[in-house]
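For clarity, chains are labelled A, B, C and D in written order, and residue numbers in each chain start from 1.
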Amino acid sequence: MAKLMTLKAAISELVDDGDSVALEGFTHLIPFAAGHEIIRQCKKDLTLIRMTPDLIYDQLIGMGCAKKMIFSWGGNPGVGSLHRFRDAVEHHWPHPLEIEEHAHADMANAYEAGASNLPFATLRAYIGCDLPKYNSTIKEIECPFTGEKLAAVPSIRPDLTVIHAQQADREGNVFLWGITGVQKQAVLAAKKVIVTVEEVVENFEPSANQTVIPGWVIDAVCEVPGGAFPSYAQGYNSRTNAFYQEWDAISRDRETFQRWMEVHVLGTRDFAEFRKSIPLNGKGVAA
Amino acid sequence: MTYEYTSSEMMTIAASRMLKNRQVCFVGIGLPSAAANLARLTSTPDIVLIYESGTIGTRPDILPLSIGDGELAETAQMLVSVPEMFRYWLQGGHIDIGFLGAAQIDRFANINTTVIGDYYSPNVRLPGAGGAPEISTSCKEILITLKQTKRSFVKEMSFITSPGHLSGGDSREKAGLVNKGPTAVITDLGILEPDPQTRELVMTHLHEAVTVEQARDNTGWDLKFAKDLKTTPLPSNRELEVLRDLNERTERAQKGAA
Amino acid sequence: MAKLMTLKAAISELVDDGDSVALEGFTHLIPFAAGHEIIRQCKKDLTLIRMTPDLIYDQLIGMGCAKKMIFSWGGNPGVGSLHRFRDAVEHHWPHPLEIEEHAHADMANAYEAGASNLPFATLRAYIGCDLPKYNSTIKEIECPFTGEKLAAVPSIRPDLTVIHAQQADREGNVFLWGITGVQKQAVLAAKKVIVTVEEVVENFEPSANQTVIPGWVIDAVCEVPGGAFPSYAQGYNSRTNAFYQEWDAISRDRETFQRWMEVHVLGTRDFAEFRKSIPLNGKGVAA
Amino acid sequence: MTYEYTSSEMMTIAASRMLKNRQVCFVGIGLPSAAANLARLTSTPDIVLIYESGTIGTRPDILPLSIGDGELAETAQMLVSVPEMFRYWLQGGHIDIGFLGAAQIDRFANINTTVIGDYYSPNVRLPGAGGAPEISTSCKEILITLKQTKRSFVKEMSFITSPGHLSGGDSREKAGLVNKGPTAVITDLGILEPDPQTRELVMTHLHEAVTVEQARDNTGWDLKFAKDLKTTPLPSNRELEVLRDLNERTERAQKGAA
């Protein structure tokens, strides 16, 4: 049953060092606030899972929270590289990062299989692709009817999934709409679930393409307005593209990155303070 | 009177002309997205554009920066989850054209977006596969667009992320792939198409004022040219106007949103 | 690309004798009108596929259109038996009916696999159940990661799927909402698709829980108001429970059934005439 | 003053009492549906009712005739497709209680809803499995409700559709099933529960005024009775009032809808 609580309390209670954690979101509804709180609470040795690790995973990696990353596309969308991720892979800074790399089709199916409580997913994938040479979790399976050889991948079952959504009601039922990515699957595949929301509402007005996640599969619901910044929550705010562009410069250099994180994340008590620490003078970012 | 234009505009326009009306097109972000939307706004108004974020039949007024911008969601005919996108729509076999970009490409139109150098201690760690491997194997046909340079058109590629024609000849069919694979690569210098037998990319078009030497100098392998090498038709004024309007709207919106 | 056409033309063009045909619907949106038209056009040797074959399959079977039925629950919901189905299985009337029987979980997964263009589905099913003894299409598969033994079933790929929906637009895009069953999966799994709709609209207003099926995966869209009677189309009409209850008496006896079919189905030109032939005087059915 | 009541009302009320608040309950049509909704309207207002048509958290004002009545859809907290229902919610392991009816049951609470007699030339062809086999193996616990007669409580069953305790003892665990299986069978005569060791159904409660002989005469096997055989508490006036209101509303609606 979902409990309404602060994000600080939720991360403290539900994230253990060494957990496998999926903070999912596909451009839209990325749980940045939750990622920051994990950094503030200095969680360690996490296995970070996500199809599209972006800035928040770059931050978690650069701050040394991650032991391993399971992913299928690790870039700064529309901008370029994740420099902290690259630095960890190319130069083992701040420490080596184990990577387990997939393609999107694989991870989408692996979450789907996890939500379905199956141990593996079957898909037609990786023909002519070099990835399976470097990822031993990708196996082959034969169709018992046609003999066709297909790819088999283990399902994803995170210890914890964190997502951001537009709304929750007082019962902890969660509503999201717009691009919904793999969030529902990631939630249903997980042992523990935290959802941050833009707003707790008395009554939910159903809308097109809504996804409902009932409170009885969620552990904690935390109201964090704007908690997906610089990503967005359709109907509440827009994507702050400028932050993505400026992150390139902030993250390229280790010291600039560390100073920025100390001032804006470690030096703030919560996401509201973090947001205030960044002057949004038409460009979005302080250095 | 004909407008002046940049090589980047020529590339986008040439790429946009490869699409046919009513096709269902799975669009990569960046250059493919610009070309596909230009096509939608000019010659192929009824093309169906799909982005891997789950947006189907999308009609963005401005070009998205990412694969999941709000603009894509708000103008889409339907939104589906990412598992559904990859299971029902892509693997399901409903996509005519996959339109990809690339960091590196080799002479058989294989694509690398994963690593340059050794996988375990790479010189450059690129973002990775994303949807590309299964786009390249599930769509009926593949188009690729990228700038032609010695760094991107490479002789030896350390990693194949998305298969083109593999080692050429019938190696693609032998690997079990039944679709056509890449049928054209559109660059800022011209258009390359696989030779019907060897499947090696052959330059079939050069854009106006581009020389054979230029193309050769910007290719990491010994580039072949078609016997009947053609010049790409010039951008029409309408094409340029629509593309520039699109780019201006996009820039204005991105400044405004910041 | 979807063409707007009459149901008569669609059935004539798209149904071939011997086809495997799924007329799907889960209590809601059952394509009765299309079933009647198949009977009127005397299509033969069909393999009928459906999770919940109900009255319309009882009619198709009783009229001799079916060679085989693939199903997971064959009853008159809330009422009892399908007498024509039972008569075919128990007494081979009007001729023997081959049956291939599954459980719902199996067929739901088999449609899902069909829509995903996979040759088979994997699920945790049939433990302690006798069905696999009588259905050789149910096999076992071993998880390549955990060694767990799971059920494998062939995907469903009908030659033709027919569904009924609330609305289509002029492009042939189809909109349905309410209980959506396996209709989307059945459509995407099929080679040919016919959709009957309550109404062709100029513009569709998105609603909660809408499912959209784009016109480019549909062959024919036919406007047939009330075409799901005695089933229902949420937002348009209600389920005529009385018809389900009275079907029990009509179908119990071979001659009563045949006379009824001759008068109301074979003796009418289309579904509108069929509806008129049934006095709806508070009870729903003429004998 | 206590109301008079029928044995069918007693059965529904006794069944409704087996549910606990906030449980997530997968409901079969007919008797289980009546009992589960009675529970929701009396002792367990926050129970989550799920029907296999894809309706989750439904609160019907009248009892549905079929598993997919409009009433279920219109009062549901969420609607999902049938594949999602069976994949994410049932197989996903989110259901506490599966509440099933049955055509036949044996002493180990195995259920038959498929055929009576030979499968290929049956005496009676029943509707078949539907969702029941996987409900019985995926929910944490199973309740069964049906009328107790010699025709339904049978010694030898020709077909197991949904496994109960199979051949008793630890045969269910040995078959690989990790959930509790059937924990109670509620009939018009009383309540049966599996013996902790043998897993054979034992009559633990008789409804008021029902005799041991009646129960024995309506059972196809040599029925065992608990040492501390109890009498089911009488229906309360409130239970009867709510149940009768529900049934009346249902009847009125079904007449109106025809």
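Everything that follows uses one rule, which is that contacts are C-beta pairs under 8 Å (C-beta built on N, C-alpha and C of every residue); 3 or more make two chains touch, one makes a residue touch a chain.
Please read all numbers here as calculations on a predicted model, not as lab measurements.
Asks: Quick check: how many Å separate the C-alpha centres of chain B and chain C?
Replies: The answer is 42 Å.
Asks: How many Å are there between the centre of chain B and the centre of chain D, using C-alpha atoms for each centre?
Replies: From the centre of chain B to the centre of chain D is 58 Å.
Asks: Averaging only over C-alpha atoms, locate the centres of chain A and chain B and give their separation in whole Å.
Replies: Once rounded, the distance between the two centres reads 28 Å.
Asks: By the touch rule stated above, which residues of chain D touch at least two different other chains?
Replies: 78, 87, 91, in rising order.
Asks: Spell out, as numbers or ranges, the residues of chain A touching 2 or more other chains.
Replies: Touching at least two other chains: 117-118, 123-124, 184-185, 209.
Asks: For this assembly, give the contact graph shape among line, ring, star, complete and other.
Replies: other
Asks: Throw together a list of every chain pair that touches.
Replies: A-B, A-C, A-D, B-C, C-D
Asks: What residues of chain C sit close enough to touch chain D in their complex?
Replies: Residues of chain C touching chain D: 26-28, 51-52, 71-75, 77-79, 81-82, 85-86, 89-90, 101-105, 108-109, 111-112, 123-131, 133-134, 149, 178-182, 184-185, 209, 211, 232, 234, 238-242, 244, 282-284.
Asks: Which of the residues in chain A come into contact with chain D in the complex?
Replies: Going through chain A, the ones touching chain D are 1, 115-118, 173, 184-185, 188, 212, 214, 216-217.
Asks: Across the complex, what residues on chain B touch chain A?
Replies: Its residues touching chain A are 29-30, 52-55, 64-70, 72-74, 78-79, 81-83, 85-87, 90-91, 110, 114, 119-134, 136-138, 159-163, 166, 172, 175-177, 254, 257-258.
Asks: Which residues of chain B touch chain C in the complex?
Replies: 22, 24, 48, 56-57, 77-78, 87-88, 91-94
Asks: Using the touch rule from the top, collect the residues of chain A that touch chain C in their complex.
Replies: Interface residues on the chain A side: 117-120, 122-124, 137, 139-141, 143-146, 148, 150, 152, 154, 206-210.
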